[in-house]
Amino acid sequence: MNLWLIPLFPLIGFALNGLFGKRLSKLLINVIAVGSVTASFIYVLFVLSKLYPLDTAHSEHYFNWIQSGFLQVGFDLFVDRLTAVMLLVVTGVGLLIHIYAVGYMAHEGGYYRFFAYFNLFVFFMLILVLASNLLLLFVGWEGVGLCSYLLVGFYFTEDFASNAANKAFIVNRVGDFGFSLGMFLIVIAFKTLDFGKIAAAVATMPVEAKAGTLTAITLLLLVGATGKSAQLPLYVWLPDAMAGPTPVSALIHAATMVTAGVYMIARVSFLYNHAPLAMSVVAVIGLLTAVFAATIGITQNDIKRVFAYSTVSQLGYMFLGVGLGAYSAGIFHLMTHAFFKALLFLGAGSVIHGLSGEQDLRHMGGLRKAMPITFVTLGVASLAISGVPGFSGFFSKDAILSAAYTNAPWMFWVGAVTAGITAFYVFRAYFLAFFGNYRGHHHAHESPLVMTLPLIVLAILAAGGGFINIPTWLSPAFPLSEHENVTAMWISASFGIIGIVIAAFLYVIRPSLAESLKTSAGGLYTLVANKYYVDEFYRAVIVKPLENISRLVLWRGVDEAVIDTSLVNGLGRVIRGWGSILRQLQSGSIRNYATWVLAGSLLVIFVLGLVGGGR
Amino acid sequence: MDTILFIVFAIVAIVCAFNLVLQRHPISSALSLIGVMGSLAVLYLLLGAEFIAMAQVIVYGGAVMVLFVLVIMLLNAGTEKISRKSWFAQIAGLPLLLAFVALLGFLIRGVLPPLRAVQFGSWVGGTAERIGQMLFTQYLLPFEIISILILIAILGAVVLAHKEFD
Amino acid sequence: MNFYIVSLIKIAIVFGVFMTTLAYLQWVERKVLAHIQSRTGPLRVGPHGLMQPLADVVKLLTKEDLLPPYVNRFFYLLAPFIAVCLALISISIIPFGPRITVFGYQTYMQISDVNVGILFVLAISAVSVYGVALAGWSSNNKYSLLGALRSSAQMVSYELPLTLAIISPLLLNNHLNFRAISESQAGYYLGFIPRWNIVQMPFPQIFAFIIFMIAAFAETNRLPFDLAEAENELVAGFHTEYSSMKFACFFMSEYAHMVTISCVASLLFLGGWHPLFPAPYSDWVPTLLFVFAAILCFLHAITPARQRDRKTFPVFGIAFLIIAAIWAVPFLHFVLVPVFWFAAKAGFLLFTFIWVRGTLPRFRYDQLMHFAWTFLFPCALLNLLLTALCVAVF
Amino acid sequence: MPHLPPVPLSWYLILSAILFALGVAGFLYRKSILTVFMSIELMLNAVNLSFVSFSYELQRIDGHIYSFFVMVVAAAEAAVGLAIILTIFKNRGTLQIDEVDSMKL
């Protein structure tokens, strides 16, 4: 089936734009960038239609990549139903966002650079989802991290952008460290990195009641997943990553890359199924992250930050889902989230674009007349994320929450409240932006068709995406949970609607009430608005001590005192001493050298003569 | 006959070589060297190396030494000056050399197994035909490499000399 | 012992003929040049100036031997010696005819038969630079030095096309030995076209011959390439400071070079001693030729241009008849006919040397070097490649 | 002609050693770059004689090939070396080997 063609198209696009983009016209860059993703999307459709119904995984082996002792890692790609969902999300949503970016980036510098990175990102993301072994997946994993770094730091001349890029990169290193350790442990335990072989090996092992090897492996992989998918405690990079252009936030930091952690856990679900302890940890982390991020989201005034925290929060939901063993629910939510969160970001981008770069909600308001399409589409997305019945978010969130309701009721209640909070702060942002009076100074205008078209398509998907029955599609891999829980469904939906109503009351009907609430909350508000001082905490506990140790011990102590003074300079001194003796030999006179050569050859002949003379 | 030829030309070679070392003027040294080379060519003939003998005269006599003479003439090189430098070589050189010759002589006479006696015409292996065959079969790679070396040397000489007369 | 005696006899014969040729070659040159320039040339000494070479020798020998005070004595004296020795030595390996049997003793018409004859000639011609170079340098005179430098560079440069031009006929004959080369050119195509290398299949060496001759002019420092002496710019080049016998040595070496190189050219390209016509006819060609010359002499004697011709021409005619008679003796054919053909070819080439001298002006020095490196050398290389290709393919 | 015994090959080798030693001596004791260079050529020639002698002893022509290669290398070396000497002379105005010492401290 030539699966390798799927990632090849974006790679070609990257190569062309990256190498020659400086000399190409904007139109050509667009054609290459969008065309390559389109080709990839069409080819994905073609492949999937050929492979339908994909009852068994289709895998292809190309060549042996690493051959070392017992370890053999091939360049293998494969497609199963999970991969199929991810492929469609990545190429489909990716294509829409590419089209959107053509309009959004039209007036930015470094145009070709942006699209080259964008294509490269799609390439790595496709490698990630197509990989048939953990190491190849890790290649994609790191590749998307690299692209994320490059694109967050797209405005690298600005301090905040390059700082945010560094932060994203460094925090992810912590996660990748765990991931690598997990892989090493897998190599030791199973002598392979191939998903199929690991699954076969795990199937013969008992479920670990207490912590064991599998628990260790899964927890280490979880560390990696928390880094990539911005979960507690490594979520801090994602809100800052909004420094990149909005399409980047939509594609990388909402729809695809950050969900890689969820995908990875679903991919190695056979490991997690045998480590219940680790699964509980996943679920707890997911739930905590959901609540934590949601509360912060209430207080943010930057429209993109609001959505960023909402992303963290929704990712928490997905983790909750996979942690409860409802993998299909997690993936389902991953897909619907890709639709509505991409739409939210693109809509936000459209607003920002229309306001010439204004991101602060306090300087917006009343935009519904100026940007009707954005208004409607963003409304659909907000309804979807709030879990209003009928919209896509409702179905996927409901799947997760009903899983929670069955397994651990307290998790369900926390999750449901969080759904309410989510609905509240999303609609807070929505109302602040589109209702009331305009509080800014820029002239607002609707975005061009090239931007609104993807919005409309995504709005349709966000509204109707819930009717795609992902859990059934994935049922061969992940058995369906026994029953749909109608009670849970209504409870969570009503929490969402209550959140919307409160938001409407506070920000549309009685705007002054919000301010008085803020002041009355006082310290609590300050705490939340400052994101619980997590960044400051990390700085004080981790960064500062590291800096101090580096400066005092490593630099002053080890480097200057030990290495510089005694080793480097000391060696130098010794060598200089010897050199001052030996340089007498280097008289600069060729004939003296020749004399030494003569003496040496004499010695050689003498020895050879002694040895040979014996014969 | 070939004994006489050997003795005569060996003596010529040694005398010329001494002259090379002792003469103060480069052109005298150059002519002495040509004498050595000519004598060696005759000795090669005695050893049955007719091609090498002729190549010796053509390459050394006709090309290398002509270059030397040309350069000496071009630079109008005069007699040498006395130099006090590299005293080490001047002190240690002679004893080392004597030891060198003595050692080699001892090795050749005492250690090597008895060698053939040279009789002119008893072995004529070095015909142009056989050398050509060897060069183009067994020694083809060294031959090609040495051609490249020559090319590089030509280029180097051209570059060096060109800068000179610009 | 026989070997040494026969060799000594051969050396004596060759030396005598060679020296005479050298002496009279100068007379021929002066005569030919004179006639090219519508003059009469030497006339006073002997009939038609035939005694002029002898007179010259006497003059050179009896002239005062000048030794300028500023020269480098040793090399100044060594240079003409080197020049003349090297010039004379090459003739020793030139074969003038096939293997012959004299009084039951088989021998070659050649002083020594060297396996690597061509290489020997090349070696000697390569070394003969020293004579000129040393003469110019030791004279301590800037004209001489310039002449010597020019001459050395010129000879070194033209040696390349010369050598390359020699290699291509060797590809056809597969020998380095002059005798073998010459013998492989025996026979005729279609019964009348001689298989000389100049027309030898599969690739006629006519271009090689032309290149060889051009390079030979330069190697012998002859016009139009006589930059080393160029009397109007360098006075006389490398031999400005030489006089009397030492000058004669240089003079002799030039002519010896000419003779040698003509011999080499006729051996390599013109089939050596092999006649132009198939044997039944060619045996009588020399006789007929000399009879024809005798008839011409008698005709001139009947209608003399000058008074004295009335006496001299009949004498010449009778001499020619005697020579024709000698060539007509059948049992001498096997010795004399090859020698005649060899001499005829070499003589024709020598005449070409003189002819060119009388015709062409001198090149400028940069033109000379430019010609060698950018035209002659590539041409020779191309010719060599084509020959090798043809030999390999056919 | 008096009948002389043939020369043993070791004489050739000893001649080669002597010539080589003289070459080294020239290298060590002569001051002019040109003469030093000529001494090198002398050493190469001495080695060539050894090659040809051993070739005779073994009755194989490999030694001839080696000495042929040595000649070619010597020719290449002479071309480049003399060009260098020319350059040195133009830049320094000297041919004394001991005066070309600016690499020395």
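Just so it is clear, A, B, C and D label the chains in written order, and each chain counts residues from 1 on its own.
Following the convention adopted for this analysis, a residue touches a chain if its C-beta (ideal position, glycine included) is under 8 Å from a C-beta of that chain, and two chains touch if they have at least 3 such contacts.
Being a predicted model, the structure only gives us computed values, none of them experimental.
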> In terms of CA centroid distance, which chain is the most far removed from chain A?
Replying inline: C
> Any idea how many Å lie between the Cα centroids of chain B and chain C?
Replying inline: 32
> If you average the Cα atoms of chain A and of chain B to get two centres, how far apart are those centres in Å?
Replying inline: 76
>> Roughly how far is chain A from chain C, centre to centre by C-alpha average, rounded to an integer in Å?
In response: 93
> When the C-alpha atoms of chain C and chain D are each averaged to a single point, how far apart are the two points in Å?
Replying inline: 36
> For chain B, what residues touch not just one other chain but two or more?
Replying inline: 51, 55, 63, 72, 74, 85-86, 89-90, 93, 97, 100, 104
> What positions in chain D touch 2 or more of the other chains?
Replying inline: 24, 28-29, 98, 101
>> Two or more other chains touching the same residue: where does that happen in chain A?
In response: 587, 589-591, 594-595, 598
>> Strictly by the criterion at the top, what is the full list of touching chain pairs?
In response: A-B, A-D, B-C, B-D
>> So in the complex, the part of chain D that touches chain A is made up of which residues?
In response: 24, 27-29, 36, 97-98, 101, 103-105
> Where on chain B does chain A make contact in their complex?
Replying inline: 85-86, 88-90, 92-93, 96-97, 99-100, 103-104, 106-107, 110-111
>> Please output the residues of chain C touching chain B within their complex, sorted ascending.
In response: 75, 115-116, 119-120, 122-127, 129-130, 133-134, 136-137, 145, 148-149, 152-153, 156, 159, 176
>> Which residues of chain B touch chain C once you look at their complex with the stated criterion?
In response: 27, 31, 34, 50-51, 53-55, 57-58, 61-63, 66, 69-70, 72-74, 124, 127-128
> For chain D, which residues are in contact with chain B within the complex?
Replying inline: 1, 4-15, 17-19, 21-26, 28-32, 34-35, 37-39, 41-42, 45, 48-49, 52-53, 55-57, 59-62, 64-65, 67-69, 71-80, 82-87, 89-90, 95-96, 98-99, 101
